[in-house]
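The first chain written gets the first letter, and so on, giving A, B and C; residue counts start at 1 in each chain.
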Amino acid sequence: MDIFEKIKAERPIVHSITNKVTMNDCANIILALKASAIMAMDASEVAEVTSVSKALCINIGTPDINSAEAMVNAGKKANELGIPVLLDPVGAGISQLRKDILKKLMNEVKISVIRGNYSEIKAVVEGTKATIDADLKDKINENNIEECVAFAKKASLITGAVVAITGETDIITDGQTAYCVHNGHEMMKYVTGAGCMTSAATSAFMAVSDDMLKAALYGVCSMGICGEIAMERMKPGCGNATYRNYIIDAAFNLTNEQFERMAKYETR
Amino acid sequence: MDIFEKIKAERPIVHSITNKVTMNDCANIILALKASAIMAMDASEVAEVTSVSKALCINIGTPDINSAEAMVNAGKKANELGIPVLLDPVGAGISQLRKDILKKLMNEVKISVIRGNYSEIKAVVEGTKATIDADLKDKINENNIEECVAFAKKASLITGAVVAITGETDIITDGQTAYCVHNGHEMMKYVTGAGCMTSAATSAFMAVSDDMLKAALYGVCSMGICGEIAMERMKPGCGNATYRNYIIDAAFNLTNEQFERMAKYETR
Amino acid sequence: MDIFEKIKAERPIVHSITNKVTMNDCANIILALKASAIMAMDASEVAEVTSVSKALCINIGTPDINSAEAMVNAGKKANELGIPVLLDPVGAGISQLRKDILKKLMNEVKISVIRGNYSEIKAVVEGTKATIDADLKDKINENNIEECVAFAKKASLITGAVVAITGETDIITDGQTAYCVHNGHEMMKYVTGAGCMTSAATSAFMAVSDDMLKAALYGVCSMGICGEIAMERMKPGCGNATYRNYIIDAAFNLTNEQFERMAKYETR
């Protein structure tokens, strides 16, 4: 049974403590992949909700004190029960609140996968007090790919998590193996929550997999592929709202056969 | 004037204290039916907002302490003014917080209609300290329909509310009469908030009706019919995001004539 | 370079402290115009987020104590840095909480543009303790346009802000010049957040302009034009959900050439 069929067969619950802006789209992308979505956010109940889940997705896009506490509570419960945890450090470094939340999360919760853009991943690493000498541009492309891969591997070793840096090219690494993914479409940057949805989708794969590197690869590649498929359906007059719907639609119809045919990645 | 025309003529305000994941869809389904939507959530203002409304929809899908207090405040004000209250006990029983909120709501607020799946309704009844000996599966279908109807009637008598249990077959009862509804499409389970939207739509019918059983029947049937109409518009490549939009679109165009032609229900 | 091209070239960050119901649509309309959207809401971090932004959009549609404090904090920071602030006084006057928030905002923050319907603008002015003798209907149309323009100009002079009153006809004024806008479509009233999106779009124009009157005119006219373009794409079976997507799509494709061809406004 391939991983897409496995999600359909098991319908795992994915608990997301997520961004208020994009939570509806995140729930629908999880459902599109045939997993179940639950989005409890209050510190007083999240541990119980995590307990019945198969993956936990933490997104700090619209943080407050209560949700920060909720993230730690849910994360600790996930660790206790061996449930994988994804961290999406949206806007990491933009405020002291986000720095504090990330520091707390990195200190108190074992994270399985971290997915963000280059500057967000950098801010996460800095929160661990480790140092990475790097001053890369946010745009990962063919010109700086070697340097970015080296950065990603170091970030993975420091954090102990699979690191997925998304950009023009995406890099996914467990510190040893690194995949460079060339799927996606630049139209995706005009959809709010394209990154959040990538994290949500990745969580769905994590919920049925023991291999976090593979789950992250499938999550990131799948979203890129959906971005490409969605683009093919666009007609004159269509814009980013229709495109958002088409991305989720594509996830709904995505099969392993399609994935294997369209996935574009190489190992570095 | 039929009930659809009545909503159009009166444009009643429906106040929803609802799920943060699905609130946009809930507002749009209320507008689709030509009622007005308002979604104040803070405990300090909800009573005033309820005062200018014709129905109150309470959904506990993303609860916290403040929203729990808000639900009680709004509910009491609604009771005081004779405004009907719908309760959607999303995820009832999954956490102590939700149990506490439900217990408080059931003790302090008179609810007109409760809409949920079987296990949610069961959790609500348990919160009243009444006991129902039932261990039905969550899937209501032709094989266990008798048992489910008996359960629903008991739940209605215990809670004093019209009870709408939604599933493959839906059951709506005031403890005496029970309607079994056969509308809907299984694709609806891949749309986040399909249940929340059913509750929101039901509230719009409650806002212009004195007959809560009929309002609940119209709400549940209408959503099922919209799910069927939406399915007819689906083309290759479409998925759950497009389907969600088509459901709301169908509600926008729904007429009483269409309702009477498509509604499939029987009395038990 | 026209103002649409200017947004594309600069990709300014627009910080919105907005309505939880409509925040996803607001983010997507900002992205549709090619600006960047960020939506931090917590009082403890909003000032830092405003600091990296080019415009601040404050919408009181789903207020609570924390967000009220956040609005003031962000507004003060914006004033300090010369960043323009838009206020959307959703539901102004409906509760004491909203009155208190508006009074505080009007006293402590210098607002550049206020956009709302007639009764909302009236409630804002009353919060300043100024008095306007006016008892207009909420529907601005050809019959009461003179009176409404006089009211809008007075409201602008009292608040010191550009005032945009939206209705069947929209009025935008800095107290001296008044534009009456005749774009839009009545279908827009069935889309939740059409007003919020108008405010969000206006903020994107404010982010690249020194002329707040022009920015407000472009925001209001653009949304009306998008409503008209969206209507042309509607087919049988379409409803308010599809229409919402088409409005955002239209904003994505909107050009200055299209704007100049379709904008319908006169000076009074």
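We take it that a residue touches a chain if its C-beta (ideal position, glycine included) is under 8 Å from a C-beta of that chain, and two chains touch if they have at least 3 such contacts.
Source: prediction; values computed, not measured.
A rotation of 120 degrees, rounded to a multiple of 5, brings the CA atoms of chain A into register with those of chain B.
Under half of the residue numbers at the chain B-chain C interface are used by both copies of the sequence.
The distance from the centre of chain B to the centre of chain C, with each centre set as the mean of the Cα atoms, comes to 33 Å. Of all residues in chain A, those touching 2 or more other chains are 20, 24, 244-245, listed in ascending order.
Every residue of chain A that touches chain B in the complex is listed here, in rising order: 20, 23-24, 27-28, 31-32, 34, 37-42, 44-45, 48-49, 52, 66, 229, 233, 244-253. Across the complex, chain C meets chain B through its residues 20-22, 24-25, 61-65, 91, 94-98, 189-193, 237-242, 244-245.
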